[in-house]
Amino acid sequence: MKYYAAIREALRCELERDPRVFFMGEDVGKPGGIYAQSRGLQEEFGVERVRDTPAGELGFMGAAVGAALTGARPVVEISFADFIPVCLDQLVNQAAKIRYMSGGQARVPLTVVTFGGAGRNAGPQHSGSYEALLGSIPGLRVVMPSTPYDVQGFLKAAIRDDDPTIVILNKALLGLADDSEAGVEPIPFGEAAVRREGEDVTIVAWSAMVHTALEAADRLAAEDGVSAEVIDLRSIQPLDGETIGASARKTGRVVTVQETVSFAGIGAEVAAEVSRRAFGWLDAPVQIVGPPFTPVPFSKLMEEFVLPDAGSIVRAVREIL
Amino acid sequence: MGIQPELRLQMYETMLRIRRFEEETAALFAAGDLPGFVHLSIGQEAVPTGICAALDPADTITATHRGHGHILAKGADMGRMMAELMGKRTGYCAGKGGSMHISSLDLGVLGANGILGAGQPIAVGAALSARLLGEERISVTFFGEGASAQGGVHEAMNLAAVWKLPVVFVAEINGWAELSPYSDHVSVPSLVDRAAGYGIDAASVDGTDVEAVLDGAREAVERCRSGEGPVLLEARTQRWHGHFEGDRQLYRPEGEVAALPELYDPLVLQSDRLLELGIASEAELDAIERRVAEEVAEAVLFGRNSPESAPEDALLHVYSTDGRGGAA
Amino acid sequence: MGIQPELRLQMYETMLRIRRFEEETAALFAAGDLPGFVHLSIGQEAVPTGICAALDPADTITATHRGHGHILAKGADMGRMMAELMGKRTGYCAGKGGSMHISSLDLGVLGANGILGAGQPIAVGAALSARLLGEERISVTFFGEGASAQGGVHEAMNLAAVWKLPVVFVAEINGWAELSPYSDHVSVPSLVDRAAGYGIDAASVDGTDVEAVLDGAREAVERCRSGEGPVLLEARTQRWHGHFEGDRQLYRPEGEVAALPELYDPLVLQSDRLLELGIASEAELDAIERRVAEEVAEAVLFGRNSPESAPEDALLHVYSTDGRGGAA
Amino acid sequence: MKYYAAIREALRCELERDPRVFFMGEDVGKPGGIYAQSRGLQEEFGVERVRDTPAGELGFMGAAVGAALTGARPVVEISFADFIPVCLDQLVNQAAKIRYMSGGQARVPLTVVTFGGAGRNAGPQHSGSYEALLGSIPGLRVVMPSTPYDVQGFLKAAIRDDDPTIVILNKALLGLADDSEAGVEPIPFGEAAVRREGEDVTIVAWSAMVHTALEAADRLAAEDGVSAEVIDLRSIQPLDGETIGASARKTGRVVTVQETVSFAGIGAEVAAEVSRRAFGWLDAPVQIVGPPFTPVPFSKLMEEFVLPDAGSIVRAVREIL
C-alpha cells in the first residue's frame, strides 16, 4: 500500500469503527484532499463526518479541541505543518493542558494529521515539520511514520487514544509503497524500530531521513565494510530511550540525522538520552547531522545543498570511526 | 414568555452568591491568603446569571479569566471553587488550575481560560459535537471587548456561521480590557455591528439588569435550539474592581469607580424590583442574604480545612493513560 | 475624475503582460521546467491592474500566494520574476523565495506570502510606519475569500480601524479557496458586510472590469490619503486555472471553467472598450500584443540564461550582520 | 537599578536616540505597563511612539513586522511569553524568514520584549518562556537577561540591531536590583558570562535559574568543598559554545539547569555543544536539570515541587562527582 493510501485506509477503518470519530480539514471532504488522502470518504461517511473547513486553522483546531472535550473524537488535518503556528495556541495552551488544568476531569481525544518535510521546492514557508516544538509540550504525543505500515498503525493508535496526538506525515513519502495491507493493528507509542541491525555505529533517524539513513548504511557496508544499525524513532514523544541506549551501548558510536535545523532539536535530545544511558560505552561524541541554520530555500540547488543526504551521513560516520 | 417569580428570586440569589463569593475572595487576596492572579466580576453578576438561567444543565459554557460568576451561575459548588483558588486538593481542578482555569465537566463548564480568544473556537467545537452525536445541547461562550480583538473570536464566529451551529456568543462589555478602555480595542460603538459580517442574529442588552439579560438569552437560546445557527448577544455592564486584585485603577477617570455602585448595581436593581412587585419581602431578602453569607463562610472553611495537594500530584493528569508524566 | 486615454491603454497592456506572463508560466510548468508550487491569476488581471493604477510608486502592497499579477502591476520586471520562478540568482529573491514569495522592496512590494492572513497585519504596519516617519504613502493588501476566514485578517482590520491607518484591504473574490467554493469559507454574500463591524468604508466592484476597479481604488485611496482610515474594497472576479498548476478542477461544475473566457475576460472587455471609444485601433492593440510577447520571450530567455544560484548561497541572508547563517 | 526599571531605562534611551524607534503593546502607553516597565514614557514621547494596542497580538505583532520592513524600528511587548503562540506565525514564518525569502533585500529590525518564567503561581497558561522554540528558528535572535545590567545592555543591542530579536525577561526577577546605572552600553549577542569561576564542575544556567545556580554553588562550596563555575548563557541564539566548551574542558563535569521542561531544550543543546567541544575531557555525562514533563501547576506546593531549586542542582552535581 502507498503512504497516502494508508492515511485513507486508517481513516476509513476508524470512521467505520467508532461513530464518534470524524475527520475535518481544508478540502478533505468533497475534493478528497489535495493528495487524494481522503478520496471517497465523504461519499462513504457523509458531510458531517468528513468535513470541509474554512481556511482558518485556529478556528477549526479549536473546534476540534472543543469537540474532543465533549464526547467526539476529532481527526483534524493541517495541510502543511507550516500552518501550525497560526493555530499553535489551541495545541499548546489548550489541547495539551486542558486535562492537566482540570485536575484530570477532562480528556482531549484529538488527533492532528499534518504534512511536513522539505525537499520538494516548496520554499521557506511550506517545508517545515515542527517536531521538536510539538514534542516538547507536555500533554501532546507526536509520531512521525516513515512507512505506509506505520502510517496506518500510528494513525489508528492516535485516534483510539484518549490524549492529543500529532501525526506528522512527510510530503516526500506520499508515493512510497510497502507490502502492508489494510488491517494493520494500532502501534503503541514510544517504540522505535530497528530498521537494520549493525555492530559498528548507530544511525538514528525519523520520517523521510530513515530512508536516507538506510541508503547511507548500504554505502557504508559496501564502501567501508562498516556495519551500521539504523533506528527509526517513529515516536518523537514519548521517545524510546531504551532502544537508543541499548544500541549505543552495543556500537559505541551514534549519528543522528534530521531534515529540520538541529538547534535544540530531536537530535540533541537523542544525544542527551545516549549520554544518560551509554556514557561509559561511547567511543566518540554523538554526531548530529542536520541542515545549516537557515530557512529552507526555494531553489533546487540550494535546497539540495542544505538538506542532509546519504553522503552527509556517511561523512559523519567516517569522522567518528 | 414571562419570568416566573421563583426564577426572579433565584436569579437574585445567584447574583448575591457571586457577589459575596467574590467579596470574600477580594478580602482573602488582600490578606495575602490567595496565590496567583485573581480577576473579579463584581458589578457584572447579572450577565452570567441571566444567561445561565436560560440554559439546560446539559448545555455547555466556556468562561473567561474573569470567570467565577460564569461558573457559579452554571451551578458550581462554592466550596470546591474556593478550594481551587487556594490550590487545595478538593478544588475543582485539584489545585492545578487556580482561579483562571476552573472547569467542571459535569456541569458543562468547559473551562475558564487564561488565553483571550481561545474559548470561542472551543465552544464552536462543543456545538459541533452536539450535532455529530445527536445531542440536544447548545453551547455558550463568554468574552469581553478586549478578547474581541483576537483572531480566535473571528474564526469562531465565522465557523459557527458557516456551519450554522448552536452557539451563543456572549460579549460581556464592561468598558475595559485590563487597564485600557473599550475604544482602544474596538472601533465601533457596539459589537452588535459585527454580526452582519457573519450573517448572524445579534442583540444588545442592559447587562446590569438580570431580567433583560435573561430575555435576550432566552431569545438567543431559542434560535440556537431551533437550528437557526449562532447568535451574538452583547451585554453592556461595568467592572467595579481593578483588572486583577491589586490593581488600583489609577487610570480611570476620577470618581468613576466610586460612582458605580450607585449607578449600576444589578443586585439593587433586582431587589428593588422584587420588593416592588411583591415577589419578596425585606425579610425574605434578608434570609437570602444570611443563607448566602453562610454558604460563603462554609466555602472558606471547606477550603481552609481541605488537605493541601500532595506536591507529587503535580505529575498526575498529563496524559490519561499513565496518570504520570510522560517523558523526563 | 475620468480616466485618461493613455491610462486606459496602459492598463490594458498591464493586464496583457500579466496574462501572457502567466500563460508562459503555465506552459513552462506543464513542461516540467518550473519547480515548486505555482498559483496563477489568469482571469483576475483587472484587479491588481486597476488597484495599482491608483497608487503612487511609494505606496506599498502585500501580495498573496497568487501574486504574480499584483507584483507585475506594481511595476516589476518580468525577467527578474521569471528568473525567480526558475530559482535563479538573478531572480528578485536570488532564487530563495520562488513564486510564492516574490518581493521587491524598491517597488514597494513587501512580498507575496505563503501564509493566509499574514500579509494583512504586515500591511497595517507599513501604514503605521508611514505615519510615524511622516511619509505620505499608503498601504494596500490583497487577500481572498479563503484568507478572510483567518484571524489575521480580522486583527488587521480591527487594528487599522482603531488606529485610523491608511490601509486599503482588497478582497479579491474569485469564487474559490483551493478546491472549495466561497460558501465553504464565508457565510455572507459579500465581504462588504464585514466593514460595518469595524466602522470602515467599503465598496464592491466588478473585478473583471479594470476601469470599475480603478474607480473603486481611486475612491478608496483618496479616503486613505485624506486620513479617514482604512477602506475595504471587494472585487468579484473569476479564477480560470486550478488552485495550483496541475489541479484539473474536477470539483467544479461541468462546463463552468470552459465558459469563463467567454463570460469574464477582462482583456476582451477592455479591448472592446478601447476600440469602441476609438482610443486604440486593432493595429495598435496588435502592436501591444507583439510588444508583450517579446517582453515575455525575453523574460524567459533572461531566466534561462541567468546563472544558477550557487548552492552555498543558501547560507546567506539569514541575518543582516553576518551574511552567513548564525548557529550551526 | 531594578530589573523592571532597566527595561524602562533602555526604552527611554533608545526612543531618545532614534526617532524611528517606537514601543507598543497592551497597556504599555497611558497605564505605563502592568509592571510599571514603561511608566512615564508616553508622556515623554507621545502616543504615536509609545502606543497602547488592542488585545490582539497577531495583529500588532504583524504590524510591527510591517513597520520594521518599511523603515521604523518597532519594539513590541507581549506581556506573557505564553501569548507567543497566538502570534507565532508572524515571528517564525514572517519576521524570521522575510530577509531570507527576499534574497537579502529586506531588513526586519524588530525587537520583541516578553515576560516569561514560572514560580509565581500564575498557573499553566502564564508561566512559560519558549526559549527553545524561539531559539531554534533561523533568523531570530533570543536573549534572556538575568540582571538589570543585562536587561539594559541587551535591550539596547536588540533595538539597534537590524534583525528580529526576542528579549525574554523573567517575571520573577522584576524586583531584582544590581548596582547598574543608566548608560549601560549594548551587549554583543552570543557572549555568555562566567558569573562565578570554579574548577570542579560547570553549572550552565540562564534567566532566573542563574541565581539558583549561584545559590547552589555557594552550598557546594560550603557543604562539599566543591568549586563550581557558573555560566550565565544570556544569549540563547546565538549560543556561546566556546565559553561552554572551555569551561567543560577545564572542569570535566557539566550540569545545566532550566525552569522549562528539558525535552529538546536548551539544556540538550548545551549538552550537544559540550559533547562536540569537550568529549575527551568529560568525566561524567552532562546532567540536565529541569522540571518533570508536566505543565506548570497552579498550587504553590506543586509548583515548588516541579521547579528546580538549589537543592536539585546540588544533588545533580553530587551525582557526578
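Letters A, B, C and D mark the chains as written, and numbering starts fresh at 1 in each.
Definition applied: contacts are C-beta pairs under 8 Å (C-beta built on N, C-alpha and C of every residue); 3 or more make two chains touch, one makes a residue touch a chain.
As the structure is a computational prediction, the values presented were derived from the model and not from experiment.
Q: By that same contact rule, can you tell me which chains touch subunit A and subunit D alike?
A: Chains in contact with subunit A as well as subunit D: B, C.
Q: With chain centres set to the mean of the C-alpha atoms, which chain is at the far end from subunit C?
A: Looking at centroid distances, B is the chain farthest away.
Q: Taking the mean of the C-alpha atoms as each chain's centre, how many Å separate subunit B from subunit C?
A: Subunit B and subunit C have C-alpha centres separated by 45 Å.
Q: Where the centres are mean C-alpha positions, what is the separation of subunit C from subunit D, in Å?
A: Centre separation, subunit C to subunit D: 40 Å.
Q: I'd like the Å distance between the centres of subunit B and subunit D, where a centre is the mean of that chain's Cα atoms.
A: Chain centroid spacing, subunit B to subunit D, equals 35 Å.
Q: Please set out, as single numbers or ranges, the residues of subunit C touching at least two other chains.
A: Expected reply: 93, 95-97, 101, 113-115, 117, 149-152, 154-155, 158-159, 162, 184-186, 318, 325-327.
Q: By residue number and range, which residues of subunit A touch two or more other chains?
A: Residues 53-54, 56, 58-59, 82, 86, 89, 93, 100-101, 123-125, 138-139, 237, 239, 262-263, 293-295, 297 of subunit A touch two or more partner chains.
Q: What kind of graph do the touching chains make: line, ring, star, complete, other?
A: Drawn as a graph, the chains make a fully connected set, so complete.
Q: Taking the complex as given, what residues does subunit C use to touch subunit A?
A: Those residues of subunit C that touch subunit A are 35-37, 87-88, 93, 95-98, 100-101, 113-117, 146-147, 149-152, 177-180, 184-186, 251, 308-315, 318, 325-328.
Q: Sort out for me which residues of subunit C touch subunit B in the complex.
A: Listed in rising order, the residues are 117, 149-155, 158-159, 161-162, 183-188, 193-200.
Q: Can you tell me which positions in subunit C touch subunit D when the two form their complex?
A: Per the touch definition, subunit C meets subunit D at residues 60, 62, 91-97, 101, 103-106, 110-111, 113-115, 118, 120-133, 135, 139, 151-152, 154-156, 158-159, 162, 316-321, 325-327.
Q: Which residues of subunit A touch subunit B once you look at their complex with the stated criterion?
A: Where subunit A meets subunit B, its residues are 20, 22, 48-49, 53-54, 56, 58-72, 74, 89-90, 93-94, 98-107, 138-139, 141, 161-163, 237-239.
Q: Could you please specify the touching residues of subunit D with respect to subunit A in the complex?
A: Per the stated touch rule, the residues are 82, 85-86, 88-89, 91-93, 96-97, 100-101, 123-125, 132-133, 135-136, 138-139, 237, 239, 261-269, 271-272, 275-276, 279, 282, 284-286, 288, 293-295, 297.
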